[in-house]
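Here chain A shows up in two complexes: once beside chain B, once beside chain C.
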Partner chain A sequence: MSLVLRNILRRCPSAIITQSSLRFWSSNGQFPSHPMDTEEYENQPRKSITELPDELTERGTQPKFISGYETTKDEWEWVDNVLFKSAIPEPPDHPTPSGWFPPNPTLARQWPYFVDRDRFHSYALYVRILPVMLEYWLHEQHRYYLNIFRRRVEYDIYAQRTRRFSLLELISGDIWALDNDLKHYLTKRIELSHDKSKELPVLSQVDEIKRHILVDGEYEEWIADFLKEKGF
Partner chain B sequence: MMIKSSSIAKILRYCSVFRSIQRFESSTTTSFPPESPASPITQQLPLIVSRQIEYPHIRYPPLQAWLETLGQKRDEKLGLVDLHPSIWQTSPRLDILYENIEWQKTYKKIDWAYTPPHHEYPNMRTKPWPQKGTGRARHKSRFGPQWKGGYKVNGPKGPTSFFYVLPKEKRIEGLCTALTVKLHQNDVHIVDSLDLPTHQPTYLQELAEDRFWGPSILFVDDTDIMPHNIMFATAKTEGFTLMPVYGLNVHSMIKHTTLVLTIRALNKIEKKLLHALHSYDTQKDQPAAPDEP
Partner chain C sequence: MPIERGLQYLRQMQRVTLKNLPMPLEKTEKWKREHPDENTMKTIMSKKGPISRSALPPYGIDPIQAEGRLPWILTVPKEPYYEGVEEARQYLPISLRTLQRLIDLRRINPARPIDLPVLCNTKLFSIQPDQRQFGLQLTDEGADLFSTPINLEIQWVSSELATAAIERCGGILTTRYFDPVSLSALIDAKKFFERGEPIPRCDTPPLNAIEYYTDPKQRGYLANPDLIREERQRLAQKYGYKLPDASNFSPMFHLRKDPRQIFFGLAPGWLVNLKDQTILKPKDNKFETFYHS
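What follows is the complex of A and B.
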């Protein structure tokens, strides 16, 4: 339709349109003017691209060949195995081939602190890449930052990647004693390993309210060995 | 469960009546207390309610608390109750406690402030005075944002809700922290049942005063159908609240000075919390709790 005609239609009342011969391009005057909100349109069987065309589907028809089948309630355990269970099974009392070790209560009781396991019977030991606030001061401009997932994260130029932390949670008892022992253990380990990327001293942050210890650097395996030695 | 020698000494010291020791296994199927609630205690004393502790903690043994009674004014201890250390001996997370209380306050909040925008104002397109000539500022209409009584451009629009649901782990940790804090500040009392001999509120008030149970008490039972006497007494007393287990929340526990639990409530709370602490539910597959009606 041309622009001129469209403007004329906009300004003419619909009564004129219905009476005159311009009727064929206006709505047919019935309500609703568009099929969008009608019941039949809403309730029509929807079709997606992946569905088969009508001729090939068997809606309402009996299938040509039905194999023999039998409904039983035996051998439910095979189905039960596959279902999701919220209950976590108890682990064995011996070390497993995957490298998992059970806790040693007699050994764990002698220390003034205790590191509990999580509900899956593993150490509460995690790696963190923490966000950092943007600093605008000139003396901070030697720091390096990366933007990852819309967060500003500190970049370690010596390790040539983002700065990583190891987080140890679920601590009860004397946290500072655990912090002390952990740092001694890690410094000894670093001295023995002669690894240039690991630098001394080992920095750690103790949070007494959240009961966790954050160690600067990726010392996950060594902290796990430390916990194993203590029997946690 | 074996009885330690220290606990026997405690019992002998505090119990006025020493009879033969009776072992009382409590489980979900048996009813507790058994019978004759209204009359004074006729069971054999002391009762050591040896409860089955699920998911025993590696490092910490179960805590012990006195089992008291509301059936008589005299403060006689009936025995000892075991408490699970994962719930009653956590390292209290005060930040999570704060988050729980804030959540309880704000999730019901709806801000009804509404400032209509310019298209909801009367259509005064007339200029108040001509553009030039008068010494006044130039204006297009009487309802601009700079005018008194004019519309606001970016004002509050409509009811805004502050609804959110705190993660399940934080809510559980909040409850455990609150229970730990209450226990270690001597504000938790475990009672055999909420049966009183009289419906007079003075009985309960005097009982609470004698035992230094604080101005506000939260009585928790396992079901929401309570005995008539305690219902009447708490209704007439300011500060005494009755609550079923499903209504237990951090704000109420902290608001009331003392917390009085029945044995059945304690069983139910421990079962639910331990089940939640030692299982893994994704958001999709959250089955109904095993005990709920």
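What follows is the complex of A and C.
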């Protein structure tokens, strides 16, 4: 509808519009897109079910044959086996063949910090792949928001390395002391391993509000060993 | 009799409203108007220009925004080695390490047969049947750690090492095909039972999968059990371990599913009533022949 007509309509009182024989508005296309919400459709007279023969009903086939049935409770244990149960079972007290260790509270009490486990009794250690601002040139910076919501980029072209972090969550107590100890441990491990891809110094970010530490690089196995040594 | 049909609707439908009944609807006048045909379009559309002369540029060229950008058809390179990726079946990986971890933390009971619904109830996997995902596959990682005998039913195994790792501890492995309809019942069994549909029967695998599931080397469910026993001996000799005796096992280990059966212990065609905790089984012979053919 044109702007002129729209403004005219806004200023006319609605009584004139409904009474007038002229119709200012019309559908955009030549045929209606869907008849569903029109008045004529909703208020049409409906035929009673007794008048219609079988061929004209929409749902085609009627069930022509229904058999008898019997009810049993015998196989209910197999159904129970398959249903989802939200209860998380208690873990064992001993170390297991898959490499899982229970926490050691006597050893963990001596440190000024504490790292809790998640509800499935594993370490709260995760990998994070953060997005990178793809273009740094001035004339492309207005497209910053577009690039941020695209797929996350693993490789940082300008820094020439993968941009992966290890995240350690659920920390309570003195986070800075834990950060210090963690960095010492990781630098010692790097020196022992003589791995050229791992750079010194180890960089980390501490967030006191979210109770997490973000370490630059993929150090998950070593951080897990560190937590095992401390008894968390 | 039409009255009986009305009574049938009342019996079978959960809710009967004016909007619910299958009625043919009269076409209102606005609806009756015809779709424009070729002749009317010809009178309306212009006779000049690139559209009428079938000379439009390739898709992605926009004189205002593009400014030197390649059209969309040229930005994506042609990589013919990915041919057939839209039709390929996908299986989500589960490693022996995760299996062992789940058994250790008591989230899975190794005394009972380990099946796809049991593994999906741990909520570690989100299988989407409409994305051409057909189940789970077993991977190598953690073959050294694995040390519990289990009766495992998985959808795909690609490496011999994984089968050897399970059979060395005294376990049994079978590979099993599920079609998308039965897969949606297995992934979320509680949701399926709440729908109130009878348990579906599993179809035979497609042509390019029959070779895999009749192969004793992959422990397919359609393979000859004698050949499977031979292959177990062969694998034991190859990887250098002794197969433990089959007589010591509990009856749970020898449980296998019928090719048409989806759940252990429940036959296709049955209806499960969650509220009263009962199972409804049809009595007639026709249903048995259909569901067990």
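Descriptive notes on the structure:
The definition used in the following text is that the second predicted complex is superposed on the first by the 125 of 232 C-alpha atoms of A that agree within 3 Å, B and C clash if a C-alpha of one lies under 4 Å from a C-alpha of the other, contacts with A are read in each partner's own complex, and residues count from 1 in each chain.
Definition applied: a contact is a pair of C-beta atoms (placed from the backbone, for glycine too) under 8 Å apart; a residue touches a chain by one contact, two chains touch by 3 or more.
All of these numbers come straight from a predicted model, not from anything done at the bench.
In the overlay built on the shared chain, the residue A:F120 is in contact with chain B and with chain C. Touch criterion met: A:P103 reaches chain B, while chain C stays clear of it. In the superposition on chain A, contact is made by A:G68 with chain C only, not with chain B.
By the touch criterion stated above, A:W76 is placed in contact with chain C alone, chain B being left untouched. Looking at the superposed arrangement, the partner reaching more residues of chain A, out of chain B and chain C, is C.
When the two structures are aligned on the shared chain, A:F84 is found in touch with chain B and with chain C.
Look at A:S172: by the touch rule set out above, it reaches chain B but stays clear of chain C.
Contacts of chain A with chain B, set against its contacts with chain C after fitting on chain A, overlap at residues 84, 88, 120. Those residues of chain A that touch chain C in the shared complex are 30-32, 35, 38, 40-41, 44, 46-47, 49-54, 56-59, 62-63, 65, 67-79, 81-85, 88-92, 96-100, 120-121.
Within the complex, the chain A residues that touch chain B are 84, 86-88, 103, 105, 108-109, 114, 116, 119-120, 171-172, 209-211. The part of chain C that touches chain A in the complex is made up of residues 2-3, 5-6, 8-9, 12, 18, 21-31, 33-36, 97, 100-101, 103-107, 112, 115, 117-118, 121, 123, 142, 145-147, 188-190, 193, 263-266, 271-273, 276-284, 286-287.
Contact residues of chain B toward chain A in the complex are 58-59, 90-91, 93-95, 277-282, 285, 287.
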